[in-house]
Amino acid sequence: MDKVSGHSLALRDLSRIRDTWRHLAGGAGKFGDEKLAVTLSQRQIDHLHRVLGDCVAEVGGEVTARQRAAQIGELYLSLDDAGKRDVLHLIVSEFGPQPGGVDAAIRAWQQASGAGPRREAEAALRRALASPRTRILTQFNALPDGVRFLVEMRADVLRLLSTHGELAILDAELEALLSSWFDVGFLTLHRLTWNSPAALLEKLIAYEAVHEIRSWADLRKRLDADRRCYAFFHPRMPDEPLIFVEVALTRAMAGNVQSLLDEAREPLDPARADTAIFYSISNTQKGLRGVSFGNFLIKRVVAALKQDYPRLKTFATLSPIPGFGRWLARRLEEEGDALLGSQERAALREVSGSGRLPALRSVLALEGWAQRADAAAALQAPLMRLCAHYLAHEQEQGWPLDPVARFHLGNGARIERLNWLADTAPKGMAQAAGMMVNYLYELEEIEANLEAYARRRAVATASGFRRLLRRPR
Amino acid sequence: MDKVSGHSLALRDLSRIRDTWRHLAGGAGKFGDEKLAVTLSQRQIDHLHRVLGDCVAEVGGEVTARQRAAQIGELYLSLDDAGKRDVLHLIVSEFGPQPGGVDAAIRAWQQASGAGPRREAEAALRRALASPRTRILTQFNALPDGVRFLVEMRADVLRLLSTHGELAILDAELEALLSSWFDVGFLTLHRLTWNSPAALLEKLIAYEAVHEIRSWADLRKRLDADRRCYAFFHPRMPDEPLIFVEVALTRAMAGNVQSLLDEAREPLDPARADTAIFYSISNTQKGLRGVSFGNFLIKRVVAALKQDYPRLKTFATLSPIPGFGRWLARRLEEEGDALLGSQERAALREVSGSGRLPALRSVLALEGWAQRADAAAALQAPLMRLCAHYLAHEQEQGWPLDPVARFHLGNGARIERLNWLADTAPKGMAQAAGMMVNYLYELEEIEANLEAYARRRAVATASGFRRLLRRPR
Amino acid sequence: MDKVSGHSLALRDLSRIRDTWRHLAGGAGKFGDEKLAVTLSQRQIDHLHRVLGDCVAEVGGEVTARQRAAQIGELYLSLDDAGKRDVLHLIVSEFGPQPGGVDAAIRAWQQASGAGPRREAEAALRRALASPRTRILTQFNALPDGVRFLVEMRADVLRLLSTHGELAILDAELEALLSSWFDVGFLTLHRLTWNSPAALLEKLIAYEAVHEIRSWADLRKRLDADRRCYAFFHPRMPDEPLIFVEVALTRAMAGNVQSLLDEAREPLDPARADTAIFYSISNTQKGLRGVSFGNFLIKRVVAALKQDYPRLKTFATLSPIPGFGRWLARRLEEEGDALLGSQERAALREVSGSGRLPALRSVLALEGWAQRADAAAALQAPLMRLCAHYLAHEQEQGWPLDPVARFHLGNGARIERLNWLADTAPKGMAQAAGMMVNYLYELEEIEANLEAYARRRAVATASGFRRLLRRPR
Amino acid sequence: MDKVSGHSLALRDLSRIRDTWRHLAGGAGKFGDEKLAVTLSQRQIDHLHRVLGDCVAEVGGEVTARQRAAQIGELYLSLDDAGKRDVLHLIVSEFGPQPGGVDAAIRAWQQASGAGPRREAEAALRRALASPRTRILTQFNALPDGVRFLVEMRADVLRLLSTHGELAILDAELEALLSSWFDVGFLTLHRLTWNSPAALLEKLIAYEAVHEIRSWADLRKRLDADRRCYAFFHPRMPDEPLIFVEVALTRAMAGNVQSLLDEAREPLDPARADTAIFYSISNTQKGLRGVSFGNFLIKRVVAALKQDYPRLKTFATLSPIPGFGRWLARRLEEEGDALLGSQERAALREVSGSGRLPALRSVLALEGWAQRADAAAALQAPLMRLCAHYLAHEQEQGWPLDPVARFHLGNGARIERLNWLADTAPKGMAQAAGMMVNYLYELEEIEANLEAYARRRAVATASGFRRLLRRPR
């Protein structure tokens, strides 16, 4: 069975697009691959209005309507932000549902009585609300790269939203459409290896959001025999990983990212590993905000790893604590050394000497404290205690304040262990004074954790971790 | 890049499904692969109600909710029609939108003034109408074969609809969901050949709806060097052609299906062909009713053929006329020989002799008239004239009465030629007295035809065809 | 990495071939796809002689030489047997090694003394014997389908050999070349299923040599859930199974081919099977005679099956006994009822009545004796005893007389069980009075069996089988 | 059709290899992945002798013999050069043909008279010379990576040959076997792109022999839109390019490698190119010495490029002149300024001043002369003249002295243009004073060039190039 190359549109149709665009762009004439640097003229917008109207009405049939939509898509791609905003604004303002139709459907709904008539009125009201905007968006799928086009259009909308609030309704319709099309059931999980296409691996370097990939040599180590990398893909965007996770197969739970990423490290025979450490998860597409699949990814990767390596017993993360630094600074501002127990304070004073500043603040301000044995020793107990408190108890609207904690707890994991001097790179020092945390995915517990978290917002923790929460000395 | 096998759910999760199902089905205990022959008990329905509620609320998180939905899907598959209807009824009646929420959103809509507030109210009303039913349907996508499951559930709904009208709203939601997921932009066009998997080719035999495929030898001839077969596929149903078209490459336009399907025929060198005849188009999935892609299929196949064989000049169908026989019978009933010109009548009388019955009816009633030279000669002029009239002028609510004519005219083709004794198989004789029609896809005319048809319902016809419409002699 | 289509030769080069061939074939002019029905003229043979000489000398370089060889290959393909014989004869007679060169190398060999000089002379003698014929054969590999071409040329040579003994040396060189190219290390094992290309499955129907495949429905049953089919392929002949084996997964060892091939049979869940029955092995390429891979096939299939179904314990064949019928007829001719014990003779007499013919012969001559309870009962003991004797003891030049026994015993199997009325189809009745035999591949014993067989020609047998060999009563 | 994974040997068989090897290596016991640092003991060699003998005799059947060979292969791989040499020596000295058999076949050859008997004797002599060594080598193909194993064994033999001359006969047998298995008809041409596996592209970096690839960024530029890279692969070594060529698509013939490899360069639209420059060809496998496919590669790449870009008119190389520097040094040594015309000498004297050294030598000795305008100007005429002479006229045993010239002229190209300051990297300056040469593949001329070169050793040159050969002024 041979796949016929090309997509919804024949090539010769696409070749007409540029001509149409010249026509649309009118006398301007100054384009090519560069973006138009001016907003569209009123004449151009009027023309566009008519063409979009023909799309919605499917004048000339569905196939023609899609060809027309593809032409508009090409036009859109050649515009700068001002021009894009004009097109988006036009779609928002002129292609909503007919208010008269909605009002009529509302009256029918209000008059309906009995289950059957109510349901009929419900269906009719939904039909009346069906938006020509969404029909236009769907027709863009006729572009050879239509799905990617919409993901990028959504990124445009999100970027323009702060200054052009009227785009909110288009954002909602785009999110609904993309949520349907990127339903996790359509995504395929692939393992990426050193045998994957270079063009694809290059994107990992670009997209890695947690621990920067420094070079091709670094990348290669992250795909070594005792490393795994998995990503979700969409069938219409086969070159684009949507989200990917990097995993280290280890003996015992890693507490330190430096040694995980050490390029000189000898790989472990993966058959001897007992633990899988998820040390980096990166979303790649801004345009898919709100379309979540991270939790599915982790669970499918756990299943795949267990199948390949039945000896794996522990599945855990080694995660950053992105909000602790900011939270601590605020607390220090407000409370100073009142955060400390007396022994803690005394120990820190010995390092900082007596000064006007609170002892904790002084020692944290020491250049390179992590490399100074006395400073690091005095800081360890209070910082770990405070960080444990932050992770387990600090909330915002009833949910954990730390975003990474929120993700993994909401996914059924428990807080397993806090690690001292686990990421001494500048970013790690700034975010959480070098600490990192392991979230543990205990397969037998996940559902119970999820229930307790969802119903009572109970945060699952290991007993070792809970000891950190004791009152300070 | 290795694709990781398995789909959204790990195998061990699916293995729990049967146990749950035993639990759900309660004491009954009498199942396996056979269908349950009883409706569900009230206790079972109550249980199912609770489980579906947990799905909608995503108790235990998204992953768990989908596992639960998959279990219900497995249960559904093991039920007979009565049991299925119970499940579908439960979804229809208990999982609509909250009426209170809709009413509140309606009030907000009615009070909003100004474009911005109107749009906010529009979005809010749409959110309030978003149906838990659709969420449940979406979660079924977690089944290993989730998309196919929904297509089959839609077929169930359509079958049950006549006796259970309350399912109409579920049908509408299923159609909306499937229209989004089966957007033509997601379909891939494949050519099927004798090198395609036998398991796939077997389905062509099963699905062919126009000219029955009699054997593997017949099938093989239909995939010969001068034949083409193309089908649309969905990435989640790779084994299932959704629609397929059979094409013959010929010299000059074929006017006769017997010779096209003659198994003893020698194949033509396709490079010498000047004409592509689309002689059979079959939709295969009842559950995709209303999700049309036939017009896209024809245009993409035309493009693919032109690319492979630049010498092809003519793209036409050889189509049945399924409604003519019925229409003619009704007219004969009402008007008898008044349908004929005087010469026509005289010619027929010579064959029928004088009798009480109208001459046309008498001759048509002759056993095997197609093989009798005098009968066939006398019938040709009046039947072709009446059939041409039927195709070009008979309408229903302003559109052509014949369904195949409606499809091709609405697709931009023109009626090119009516063919006498073109399909003398029993079905062809019954449908249209053995006549078939060529619809011509003249690439330069398609858009103009579409415009004229859409705006003025003008039926495009060739001049040779129009001559058949002259007053009878 | 994109594979570049086309093979060793650019298309435009191949298009010149026909012209060259017209030139070579001279005035004849009467060709196309049909074969030339005349031998080549002397002028044509002279021309061909020169062109082959240029191939060997690589005039114009290697690439040109291969293009030239490809042209000759095309010419060869268009000839009938007389023409082919002319070409083959030319290669045999004119393109052997230089006798002078061989003689010189022989002298050097005879004069060399000491290990080093002897080896140098050995290498030089081998070089002198290297045959231009083999160089020509190798150059045919430039044909798009060069490997298949040589396999078919070998089949031609084998067919012509009986009447043209001079081709024996070309046969030897072809066999050596094909043995090297078809080394089992280059073959890939594929499982064929109902999802394999129809064009490939069609070949199974054509090639099946043991139990005819009667229809596509029969084929489909042979690829059912509890059936397996494996074949070896060569990378340059991907559409051609070289040898294939059909396997049934069963509970307990099958003793009867009718039930194995019963189309109405319900498939067994393969996970419940404990036995794999190899019931048909077919070589497909006459041109690969002497290039054996059947023994590799069986062992690789056993390994593949064990990996997929660890519960399989027994690997055995259900094999025909092709030579028994002939052997028995000869023995009956010579010895008549002297082959029988007295009780056996008495029992047969009861069925045959008293007549002039020997009792055994009379009963065997009864039409449909297998369906007659008394006849079958009287025949069972003597026939099974004689057949067991035939299998275990009858030899030709020290090896088992039966060819199938020779194959499996030489492969390390043992004779496990003789089955009565195991193949009642006409061919089975004629070959071995309806009996079939199981050869057992007991993995722990194979090497010992092979040793004993190779060194002492010991035939491994099961004790149950050996009981059949006792003196008759 | 599913390919069954694994190769000739089942996994469990390979797991026995290590045990056998322990047995073979005897008490030593000190191995693992590291190489054995000692030669084999006599006891071990004796054991190996017996095992190899069993391989040749196929004791226990073919399958067993190959398993045994695979075990020896594994042993071989774990040895250092001394151990390898012991194994190779054993094969050379003990597994030649039977001298008695050869002598008998020689006698038969000498006594045969008439064509038929001569051919029989020829075949018999060839059989007698068939070497058990080659049978052993063939059996190594049972290793999962058997073909690669033999290529690497050949590289070992070539490396050891200078000190162990007795391996010459094994080298000859290996070359014959590899020439057969790597026949160009079995190789597939693939285009390598930035979408190829990173693990494969990494090998280009390692293997590039002409212009070093400095980084992944450099590599990426070499795979840019206006660059092409093609390689030959063998089906049993799919991860290993055997030879690859790098091509630049340009407008007009490139005369300078610096600009070709400039990483800041903007790519040209390949559809606008009229010229393809082959600027680097690298063989990668030492073990395939003497198995040539470079000429096939160039011609297949030309064909592939012409198909993709019909507008390409010129196919040429930009090649180094590796032998000119050495040749010039020798000539300068012998003849000094006598190589120059009087005007040339005067111009050089102006740069060098008067000194004892010849003027040409003095100026060439100036540090960085290529960057000094006066020095470069004075050198250009004499160096280009001498280099043209070197390329067109200097011979060794009747063939061009320069190895790259020999390759391309023997392939049908002509010398088109000599380029001044075309490669100013240190290697280019040392090899040919910065000059490079274009060889032109004029498709219409190739065969005539080949003929003239093969028969008369005529070197094809362009008229522009020939002007460089005029007597000096």
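Just so it is clear, A, B, C and D label the chains in written order, and each chain counts residues from 1 on its own.
Methods note: contacts are C-beta pairs under 8 Å (C-beta built on N, C-alpha and C of every residue); 3 or more make two chains touch, one makes a residue touch a chain.
In this text, all values refer to a predicted model and were calculated from it rather than measured experimentally.
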Quiz prompt | Chain labels contacting subunit A and also subunit B | solution = none
Quiz item: Taking each chain's centre as the mean position of its Cα atoms, how many Å separate subunit B from subunit D?
Solution: 61
Quiz item: Per the centroid of Cα atoms for each chain, what is the distance between subunit B and subunit C, given in Å?
Solution: 50
Quiz item: Taking each chain's centre as the mean of its CA atoms, how far is subunit A from subunit D in angstrom?
Solution: 50
Exercise. For subunit C, write out the residues touching at least two other chains, lowest number first.
Key: 195-197, 200
Quiz item: Okay, what are all the chain pairs that touch?
Solution: A-B, A-D, B-C, C-D
Self-check item: Complex contact set, residues of subunit B against subunit A
Solution: 1-4, 6-8, 10-12, 59-64, 66, 92-93, 96-97, 99, 102, 106, 109-110, 115-116, 118-120, 122-123, 125-126, 129, 131, 138, 141-142, 146-147, 165-166, 168-169, 172, 177, 180-181, 183-186, 188-193, 195-197, 200, 230, 235-236, 292, 295-296, 299-300, 303-304, 410-412, 447, 450-451, 454
Quiz item: For subunit D, which residues count as touching subunit A in their complex?
Solution: 194-201, 216, 220
